[in-house]
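What follows is a pair of complexes built around chain A, which joins chain B in one and chain C in the other.
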Partner chain A sequence: MYRIRFHGRGGQGMKTASRILGSAFFLSGFEVQDAPRYGAERRGAPIFAFVRAGRAAILERGNIDRPDLVVVADDTLVAIPGAGVLAGLHADSVLLLVTTVPADDWQQRLNTTGTVLTLPPPGGSERDPALLSALCAGAAARLTGAIEREALIRAVDEELALYPADTIAANRAGALAGFDALAVAAGRVGESGAVAADGYDAPDWIDLPADGVGLAAPTIHAGATSVEVRTGLWRTMRPVIDLEKCHRCTWVCGTFCPDGVIGVDAERYPVIDYDHCKGCMICLAQCPTHAIAAITERQGREADIAAEGEQA
Partner chain B sequence: MTRTLLTGNGAAAWGARLARADYLPAFPITPQTEIIETLARWIDMGEMDCRMATLESEHSMITAAGAAAATGVRVFTATSSQGLLYGMEMLYTVAGWRVPLVMINVSRGLAAPITLETDHNDILAARDSGFLQLHCATCQEVVDAVLLAYRLAEDPAVRLPVIVNLDGFHLSFTREPVELPDGDLADRFLPTFDPGPGEIRAGKPTSQAVAVLGGGPYSYFRYECHLAALAALEVHRRNVDEYAGLTGRRYDALECYRADDAEVVFVMLGSFATKAKAAVDQLRQAGRPVGLVRPRLLRPFPEADLRRALAGKVAVAVIDQNLSIGKGGVLHGEISGALHGVSGAPPVIASFIGGLGGRDITAEEFFEIAGQTARAAESGQVPPPRLLYTLHELAEMRKLQAIAHVERQEEVPGP
Partner chain C sequence: MKEPMYKSARDLPSAHLLGAGTAMCAGCGGLEVVREAYDVLGENTVFVNAAGCMTLMSVYPFTPFRGSWLYTAMASAPAGAQGVRDALDIRRAKGELEAGDDLEVVVLTGDGAGYGMGLSATSAAIDRGLDFLYLCYDNEGYGNTGQQTSPATPHGARTATDGALAGVAGEKKDLFGIWVANRPTYAATVVGSEPLDLARKVARAKSRSGPRLILALAPCPTGWGFEPSETVAIGHLAVRTGIWPLKEYVDGRVEHTRRPHPRLPVTDYLKTQARFAHLFEPEPNEQVLAEIQASVDAYWDAVE
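What follows is the complex of A and B.
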């Protein structure tokens, strides 16, 4: 059975990637199971999705503990332990990263001798996450060596059936770009077997101690903890206010902001708390004077670095 | 029939569509919402002739569902977890009205602490309500169970509402190959609902939900519900035969997998049972005679079938994906009760609690459950209930607690 995990941020299309790959396997005669896995259903939060494919009915469910292939659409997730990107990688696993950093560097950073492959992000991909998902699906399909181009294209068409023709065409191109880019590694990802019932590692079950209520109640012993969680890290798009165009109405953007992260300064200009703005862009949609623009978070970070340089 | 990839939620929606549900009262809750969204789209696009109403709570939703069913239309609705509990009062009430409807519950653990992931405490809280319960293990089973549920609910000998249960995430958001029955076939199996003489019409009003005092009438009405539920065992048996004849898919009250010649048998509910089947296959390869018995029908409880399936076994391992606080696994109690005093009852009925709040159960854990249960049978010592919880998990828990307590510099013990 093939066991494949896709990691990305909410909004980058990893559920779609898993479904394109799942459908492509299904159209190629495989039994298939695909599913997304997420907690907070928010744009930018780490999510993963997985695909199982084999010749017999699939009885396994839930987490893939020992993946044959892990595809990571957003390289900033590697450093976040909670994202679990590297979990269960074994000697025969393949790690495919969408990144501008060379594979050798990743191998060094991760201190691994396992196979690490890289794909450059598609041009302007952050503006169109759908292309990122198609790219990842196409790349994964080629790595298995079990899926032909025609099945991949049909899978894209099926998955995006409700979208306009130009979106479908762009995704077909994206999937094929991933498919062709990995031609050199076609078939590199193999199937793995199930854990055998003789000679398995027994689980180290314990008897839970009966803790006092002070410890055992689900309470955080501190106030205002949500402030400490920098949900702004989830952002893939950043709203930027053009103060020239802002009429200082003082309420529209801040009132519509679902996270309450737009305040007003002493001169009555709106100020976005980027530590907690998740980049939903509702402010952009609501601003009556169109004073709010969207830039990609990558562009935003580059601008931040440039600004810090100027200050220094 | 078309074979296609569908999520459990998609399969549930297809079940309602194939059943030609007339009325859909709705209220959103994760992980169920996709069912309602799918149906809403079909209704909007004119692909399904159904009236949808959004209610302001699950309490109202179940009331509307029951009231509509009393008029003789076919009603479908869906909820999950906190929503099911919010509507709990009306579950008992609507079942007492003796009206047929089908409700999906997408299982999800209950607060507090709050979670989105699956376990069966929500559906088991509805165990005694009078709603019959069908539990699913695959997306295929979901679509078929909806049709079987209507057929059962609407049978004049039963006339009780039915909940079809599917696990959040592991079925609700998981796509699997599903063979969709043709509309003609569904129509043949499930003709238009005939409510008979009791149906409410504007020109023929009836008074539902009368008040009774003194206990006698109350006992009568509740016990009649119970008798109708018990009658559902035989009705379901016939329905299953007919459905198997039409589709080739059999959904007996119990799924028995390699259980006939098994010495040790896993007993559990829901989608993790497919993982148990995979473990059974591996254990068999290693020469260990292990099998699985999974109740699909939980209410009515298929007690006679369970006795037949489990009598003569060396040992049974009941794996509960639920926890009755202060008692233990709910299914363990039910299985023990069913086997008590039965000739050939397994001497060991071991209890394992696992998969709470979406916690995985690994293949190794199934192997270990089988091993420990077999050893218990050899020694004759029934082991105490075992929570599937590892040292590693406690160490991770201690880290979270250390963070939760750090501000006040409170001490947290090691794992």
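What follows is the complex of A and C.
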């Protein structure tokens, strides 16, 4: 059976990717399961979807703990432990990253000898996530070696049937781009056998004695503890204020920001709290003087690092 | 109680009570409303929250609120509010709680709960004259579970349960009208994109006691299908097309706080959202578009 996991951020289309791949498998004669992880999925927050495909009835249920293939649509997720991108990768697993960083670098960063493949983002820019799902589905299909082009195209058509014709055409092209880009690695992902419950690696957790409820779940007396959650990690685009263009009308951007993360400094200029800004870009859309620009989070981080270097 | 003055947008609070770091989607119109309203309501507020998107704001040990918050089943937030109000009243009567430490009890509810499952409990709470504020963020569907049709979903919208070509066949229920028929002490409609109007109305609601409604349209990027950056622009269009009338019920009369002149065609609003895309593609569904325009026109003809 093939066990495949797609990781992305809410809004990047990984649920759709899993559905396209699932349908393509089905049209190729497989038994299939595909499902997004149900939970508090939020645009920008880490989510995953998975596909199981086999020649016989699939009796396995639940999350995939030992994936044969992991597809990562957004490489910033790798560093977020909660995203669980690397969970359960084994010696024969393949990791496919949509990234501009070369595979060797990833191998070094992750300290792995396992197979790491890369695919450049569609259109070469992070701003264009529209076709990520089709690209990832097409790439995964090719890696299994079990799906023909025709089945992939039909799967795109079926899954996107409710969309306008030009959207479907663009997604067909995206799926084929992924499919062709990985021709060199066709069939690299193999099927793995069923693993009995006692065949799983023992989790490397430490047993702790159970605490009383007062200790394990103490009463919280402080207000606004949610600030400990860094929703800034959701961001793919970052709003940046050009103070020269800013007219200090902070009741505009400061009031419209749903998350309330635009404060006011002593000189009445707006200040964005990047630990929590989710990158919705409402501030950018509403700023009357167009003082706010969007840069990719990658550019933002590079600028942060450069600024730190200058200070040091 | 004296109403705080919100003369112009400059008077709007620049520091916010609601903590950041909540699990709401980027660009959530519901969160925007809760944040704007909380700034006016102040710290001495206890929220009784019917299951829905906003219940994900407080997940132990994290909360964006400064004080207490109670999670109830979808249908029973007003009953929860009754219990909290009674407990506060008993403590007041026993002299255990100073007047200045008393709390405003606020039901926070989505439309699925507010227009549907919770309606009977709400009606009973109004009948009992419960002293509470009812804040409904209306994202026109069961958002938290994937945008299924609710009694607040507008005519023609496509949802997870109404995927057919014409979208929802029924009409959006008039919750404001239902409240007014129950003769509350105050009722108003608001939207996060009109923060000054919202602040004034929440302040007015807060200065009264008894059952009070604040009904907020809450543009939902995830459920309605638009870019998160468009939340405020879509709120503006909802008002300028006349689709979301801003009004209040005070002392037995309904007044409109904004009369859009000239009214933009409803298509300006509908076109911005994927849930209505099937009304334009592959070819325009003139019948449904005309029905939607006609119902908005009929509303304003009756008002004017």
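Methods note: the second predicted complex is superposed on the first by the 207 of 312 C-alpha atoms of A that agree within 3 Å, B and C clash if a C-alpha of one lies under 4 Å from a C-alpha of the other, contacts with A are read in each partner's own complex, and residues count from 1 in each chain.
Keep this in mind: contacts are C-beta pairs under 8 Å (C-beta built on N, C-alpha and C of every residue); 3 or more make two chains touch, one makes a residue touch a chain.
Since this is a predicted model, take the numbers as computed values, not measurements.
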item	value
Contacts of A:Val264 with chain B and chain C, given as first, second, both or neither	second
Chain B versus chain C as contact partner of A:Leu243, first or second or both or neither	neither
First, second, both or neither for A:Ala307, with chain B first and chain C second	neither
Partner chain in contact with A:Ile220 - chain B first, chain C second, else both or neither	both
Touched partner set for A:Pro164, first chain B, second chain C, both or neither	second
Contacts of A:Arg37 with chain B and chain C, given as first, second, both or neither	first
Contacts of A:Ala196 with chain B and chain C, given as first, second, both or neither	first
Residues on chain A lying within both footprints (that of chain B and that of chain C)	218, 220
Residues of chain A that touch chain C when the two form their complex	10, 40, 42-45, 162, 164-165, 217-218, 220, 223-231, 234-235, 250-252, 254-261, 263-264, 273, 275-276, 278-282, 284-286
Residues of chain A that touch chain B when the two form their complex	19, 22-23, 26, 31-37, 39, 41, 58-63, 65, 194-198, 200-209, 211, 214-215, 218-222
Chain A partner contacts - residues on chain B that touch it in the complex	5, 7, 30, 112-113, 116, 169-170, 173-177, 271-272, 274-275, 277-279, 281-283, 285-286, 288, 360, 362-365, 367-368, 370, 386-392, 394, 401, 403-408, 410, 412-413, 415
Touch list for chain C against partner chain A, complex	9-10, 12, 14-29, 31-32, 35-36, 43, 56-58, 60-67, 163, 192-193, 195, 221-222, 227-233, 277-278, 281-282
